[in-house]
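Chain naming follows the written order as A, B, C, D, E, F, G, H, I, J, K and L, and within any one chain the residues start at number 1.
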Amino acid sequence: MVTIAVLNGPNLNMLGTREPTIYGTMTLERINAQLQERALLHGVTVQCFQSNHEGALIDYLQEHTPNLDGVIINAGALTHYSLALRDALVTSTLPAIEVHLSNIYAREAFRHHSVLAAICRGHIVGLGWHGYLLALDALTELLREQQKER
Amino acid sequence: MVTIAVLNGPNLNMLGTREPTIYGTMTLERINAQLQERALLHGVTVQCFQSNHEGALIDYLQEHTPNLDGVIINAGALTHYSLALRDALVTSTLPAIEVHLSNIYAREAFRHHSVLAAICRGHIVGLGWHGYLLALDALTELLREQQKER
Amino acid sequence: MVTIAVLNGPNLNMLGTREPTIYGTMTLERINAQLQERALLHGVTVQCFQSNHEGALIDYLQEHTPNLDGVIINAGALTHYSLALRDALVTSTLPAIEVHLSNIYAREAFRHHSVLAAICRGHIVGLGWHGYLLALDALTELLREQQKER
Amino acid sequence: MVTIAVLNGPNLNMLGTREPTIYGTMTLERINAQLQERALLHGVTVQCFQSNHEGALIDYLQEHTPNLDGVIINAGALTHYSLALRDALVTSTLPAIEVHLSNIYAREAFRHHSVLAAICRGHIVGLGWHGYLLALDALTELLREQQKER
Amino acid sequence: MVTIAVLNGPNLNMLGTREPTIYGTMTLERINAQLQERALLHGVTVQCFQSNHEGALIDYLQEHTPNLDGVIINAGALTHYSLALRDALVTSTLPAIEVHLSNIYAREAFRHHSVLAAICRGHIVGLGWHGYLLALDALTELLREQQKER
Amino acid sequence: MVTIAVLNGPNLNMLGTREPTIYGTMTLERINAQLQERALLHGVTVQCFQSNHEGALIDYLQEHTPNLDGVIINAGALTHYSLALRDALVTSTLPAIEVHLSNIYAREAFRHHSVLAAICRGHIVGLGWHGYLLALDALTELLREQQKER
Amino acid sequence: MVTIAVLNGPNLNMLGTREPTIYGTMTLERINAQLQERALLHGVTVQCFQSNHEGALIDYLQEHTPNLDGVIINAGALTHYSLALRDALVTSTLPAIEVHLSNIYAREAFRHHSVLAAICRGHIVGLGWHGYLLALDALTELLREQQKER
Amino acid sequence: MVTIAVLNGPNLNMLGTREPTIYGTMTLERINAQLQERALLHGVTVQCFQSNHEGALIDYLQEHTPNLDGVIINAGALTHYSLALRDALVTSTLPAIEVHLSNIYAREAFRHHSVLAAICRGHIVGLGWHGYLLALDALTELLREQQKER
Amino acid sequence: MVTIAVLNGPNLNMLGTREPTIYGTMTLERINAQLQERALLHGVTVQCFQSNHEGALIDYLQEHTPNLDGVIINAGALTHYSLALRDALVTSTLPAIEVHLSNIYAREAFRHHSVLAAICRGHIVGLGWHGYLLALDALTELLREQQKER
Amino acid sequence: MVTIAVLNGPNLNMLGTREPTIYGTMTLERINAQLQERALLHGVTVQCFQSNHEGALIDYLQEHTPNLDGVIINAGALTHYSLALRDALVTSTLPAIEVHLSNIYAREAFRHHSVLAAICRGHIVGLGWHGYLLALDALTELLREQQKER
Amino acid sequence: MVTIAVLNGPNLNMLGTREPTIYGTMTLERINAQLQERALLHGVTVQCFQSNHEGALIDYLQEHTPNLDGVIINAGALTHYSLALRDALVTSTLPAIEVHLSNIYAREAFRHHSVLAAICRGHIVGLGWHGYLLALDALTELLREQQKER
Amino acid sequence: MVTIAVLNGPNLNMLGTREPTIYGTMTLERINAQLQERALLHGVTVQCFQSNHEGALIDYLQEHTPNLDGVIINAGALTHYSLALRDALVTSTLPAIEVHLSNIYAREAFRHHSVLAAICRGHIVGLGWHGYLLALDALTELLREQQKER
């Protein structure tokens, strides 16, 4: 069965209380629940992981890669400098979609560059928690197309 | 009834034959047909326009704004320099979602910066023609949430 | 008789409704009417043209140059990148004054540089619709001084 | 009664003899006389001050601010680096219009950036001594509009 | 039969009168006539098109590509920013040679970079109207070599 | 009762032995003891935490925020790149003062920029271990002023 | 007896009325009175000087250096460009602490760089008028430690 | 006895499977075994440590420094931004040699700069797993020379 | 009789064997033979010189200038940094045309800038060995036009 | 009789005591005395002026220009930013030679650029107080040559 | 038999006397002798060449390439700008290892970039004359592996 | 006896004929004769060398250093990139004075930076052939002072 990891980086566990005018009032738990629900509809499995530790995100990815088919990742502020996380994604060879809740291009200059963007398949930005669901829709579709091609 | 314009900029009328390893083999006509189909499901109207002329895209937007509720835009190469198109979108005050078929962050450096990104609500990149459908899903949802808030 | 073209670029036809806190509530039609009135006082002719098309602005300038003595130009967002418009002004050899309604130096960084400024005689910025009238006053004066020198 | 200060920075007392092909042959005394004459027509008072000392320009502004309604300023070369003068203008909260005799955008690169431009209302460049008169016209108009709004 | 399009961008229709010390006194009509004459010698067809509109140049290229074997292009000032024209050339997959009448490397800094150079086969600069003829010679030769290789 | 966290980043646990000509011979334990003593005088509580792990500093801040009134932070080298720590401070909404023992502006260029400076209330640099005590004095004062305002 | 000069640069004499949301409502006179009071507690002498003239600040420093033991300096906007003031401080060989009332790192980009920071002992930023008192505390302490070492 | 730590950063535990065309097919375990073997020949002790956590690498270094004589380090992607690791190496005062398996200068631009290079003794790049052995040879030699000098 | 020097810089003697996919399989000897043949047709003399030594190219130019009417130069990699060669060309006052076999704008970034381009008459790039012949055609034409003008 | 002004900017009155390892132990008074002595030999008059005030240096130059034939200037730190002083020198139209005691190119990066260098005739750097004498020798010679030419 | 060229660029013939605190006291003759000795152990031939002339290094490489299997190169200061030497190495298609005696990353900024690094196999820096021996070890090993693969 | 080498780089052998409006009409032979004459007056020996070859200048310096006391150098265009010449000067440990005939700061941007300036004692620019004589005066003086100090 198709399994997709949803990785969230630093401070995303604070969603709902963190700067709600920027990030919305939805908690990460509720977003993950919505993802589980949508995964059921698509007939895929979703496993969610959040950490404030760059190293823990890499450990998780290394450990679970053999059982994964794709990754949805919102690396939080690590997006802008974690070349180690970038290398971990490349090493996994898994197709990945990057998600950002807020429109990072309308915020501080340092948020305009993602070190992950070039090595992910897709990039969904500024659509709030819907972005995760859209990423799941897209990744499921993409994995199906790949299976057909084989 | 909710009406959404889908604007495509220079060279996107060549989809299908244009660098298919980058942009896929789907024509713009077929993408538009898919959008019409999806619009029916969402109970919204979609009107599609493509031009190789920056000025024509601006004219279209100015003329149709009074009857529009939102915009999906893939400005092609104008994405990277058409500040006039940016101003036209801001002037319209319509919520917009920017779409790119290919992952612009994995291509030439000049494609890494979008002058539209900061003033669009969202930005969907690298997911091929699915990106348009995801944008439609997201924009419909966003417009519904807005209506509820009013 | 002295004839002056007043050229307005993309989105300036939307004045009055476009971001009124930045650009004011005066429409382009009313500004042009004020210019006509002032032209009468100065005993000069003013001919106004607006287009959202870079090419149309260049066509207009090429066609009318033989009958023109000077140009007042607000190129809108083209100000910041239309080197073709710059070349058209240089080719015409007409004295030109650049006008901007808002203070472009107090806005986004991309608005701080005008590719036209170096080749215009003068540059009037931030004084709203009065800027056009001041430009007309200045250009008329300048053309009179030139005539005396001949 | 409305009072406007006309401040001139370093080397502007040399007008008439200073690089006449760039700055013209008109002396500062004659420009000031023209301003006084025009002020009479507008029914406003103009007080002129020139100094080669950044500190003296700031002292003057601090001392006279309580009796001033607006400022016309040509800071000479201080335009390009005197952040202290910029702060003095901001501190005064007076509306200001920046004037330059020559087209600073057609000269050395270091003259292309004004540290005052962003905090002045308007910016009139390249129109010789007429620029001062235009600034007076514009500032008078602007102050009248403000009075009406109150 | 081999057919080559000769595309000229904004303001090149003004050749002969436009800054003759830079661009020479030869008109575009006479250059095109010379190209026709040379084409006859080479046994190829040349079709010439000039426009001040970026969009019209792209439209022309898209429409005529099926009947073309190569392109000679002098995009005028669009050379320095028209990424849409660049994409149109790439989309056409036609071999192209870029021509500039003046030595763009000896003029303003903004003329030193061509966004077309990287995707054209060749680049002929500074040799006046001869540049077009040399481009025709080279492109004809190049197309002959290609035919032999097939 | 007012509670203030004193956070120290990577390598600050090595104070006393680490490059003593730059950082002094005082250990972190003794600095913390001095802070406890001063806190007693001010009638506030201080809780100290040091980690070499960016993630652990963020975890600590997230966990203790509900019981904290302010933060004193010396993020060590993370100062220059940990945008995740910056986001964590912003998320906490606690007033923070940044401290550096050495004068970071007199050292390597990479130490001249702090990604935390813009979002902290204050910044105390170059005053050795006294900097922590000054920060405690300032933060206590600041919190008292805030309480009065409420 | 230990004597410390407190130097304030351009526009700091306007404190209290100058942009009070940024700089607070405390006047420079009251800050100086507070410094005198604190100096009494520390058993040191404080002499205060403010000028809008870079040259006057340098003159003052050169003249008083023989009777001074340290300097507290808030150079206002000169902070960002007065290399002459920097040289004057270096020439004096006095230990200096730089103070800024507002958090210069959270304001305009040109305020992020201090040409004095590298040659001062310490740098206290963003803590309002308290910053001066903290600087006095720190400088007194620092001078005492120096005396002990001798 | 001479003891040398061999530190490997993020994703180097994946050697052998990670992008084998870039990094080779040798696993980290086998490289470490080769190092142990070579250490035996040199009569030195080697202790190997890998972590995906920046903090863990720093903790390890701080803890083991008292028993170490030198360090061989391949910090993986941390090479390019971990100033905290750099500070940890400086704090240890141990001689270090930096190793990279691939030629980082022939890859993405972000890999061309090592924040560790300036503070390591040597830098061995592009020689695959042999690089570690060469580093061990060099470090052993260097430590012997140092002992002689004492 | 008209005499033209054809100068080739470092590594161009290796043509034919050097990276044939970039530079083609034609040797420099054969290119020179073709040039001689074409020169005969044009009734001009061509003298060819190649060196790997910047100094030797300058020596040659200085020595032969009195007998030369023009220069065709492919300076190889010296193109990008040999300001001394640039000065030598300027000193000679001979009209020169720069040739590059490959499209330098489609290769490494360091090849995009020629220090010779600004001071040569023309610049022919990317057309393989034909470029030399085109340069000879153009230079002959140009010298004829000059003779007529005298 | 030929008269030359020797202008010294901020902090140069402190020579002898100011950082003697950089600037030497010679006082400005003694340098001026040496200049007077040398002037006698050359049969020219030298008048020396030093100020810490940019404005005073400009005032001096404006006032004395009618009686001057040339200028020797060491503007101290103003060298690097005083565009007003630069304009004053240009306005005077006097030939000037810039002198620096220390080798500004071997010191801090901000000292590597002189805003005066481009508009002075000559530039003598790093030769200590001898530099002033050499400048006097050169300027006297230069003025003699000019007189002959007239 | 395997033959390796050891190329040394400008000033490396001065080793031993040249800045011995940076480059050590070992002469180039002794380093070459050590290399010959080591080559004997490896059963390979080493031929050494030093020149202060960029052109001579290129001549040598072109002439000897047919008899060489690899190159060890320390190009001295040419490392930082000799694109001609870079092209010569690429043209030779020989595997090369770049050596630097000192740690170029801990010295002046201009030494941090090597134009050869990207096209060499390996890069050994900062290990003094041992670097050459390590390069010989590595290159021998690498050539052996290549032979096996064939 | 004191011996000074006067080194001239590429194209300086063409003085007199080379761009005489920039470099003057004096030949290098006559400048050298003047230097010999002046050397006689100072009781020192001058030996002059010019080459268009960077390598030859380095060879000369290496060979003659043992018999030299100082160097006067005008490296021509090599000034701006010859790091190898810079290293040769450093290796020689001889005091050097850099001379340029023209004011390099008033010419093309690439001439504003000298890679030799930081490591020479002095820098004399823009004073024509007098610059060499001034350099000889200064260097003789400087060597005398050094002898006294010993």
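To be clear about the criterion, a contact is a pair of C-beta atoms (placed from the backbone, for glycine too) under 8 Å apart; a residue touches a chain by one contact, two chains touch by 3 or more.
Since the model is a prediction, treat every value here as computed from it, not as a measurement.
Participant: Can you list every chain in contact with both chain D and chain H?
Facilitator: none
Participant: Just going by residue numbers, which of H-K, A-F or A-B has an interface where over half the contact pairs are the same as at B-E?
Facilitator: Duplicate interface of B-E: A-F.
Participant: Could you grab the centroid distance between chain C and chain G? Build each centroid from C-alpha atoms only and quote it in angstrom.
Facilitator: 49
Participant: Nearest whole angstrom, what separates the Cα centre of chain K from the Cα centre of chain L?
Facilitator: Distance between chain centres, rounded to whole Å: 32 Å.
Participant: I need the residues of chain E touching at least two other chains; which ones are they?
Facilitator: Residues 53-56, 81 of chain E each touch two or more of the other chains.
Participant: Quick one: which chain pairs are touching?
Facilitator: A-B, A-F, A-H, B-C, B-E, C-D, C-E, D-G, D-J, E-I, F-G, F-H, G-J, H-K, I-K, I-L, J-L, K-L
Participant: For the complex, give me every residue of chain J touching chain L.
Facilitator: 97, 103, 105-106, 114, 117-127, 130-131, 134, 137-138, 141-142
Participant: Would you pull the chain H residues touching chain F in the complex into a rising list?
Facilitator: 53-56, 58-59, 62, 81-84, 86-88, 90-91, 115
Participant: So in the complex, which bits of chain L are touching chain I?
Facilitator: 9-11, 13-14, 17-19, 51-56, 76-78, 80-81, 110
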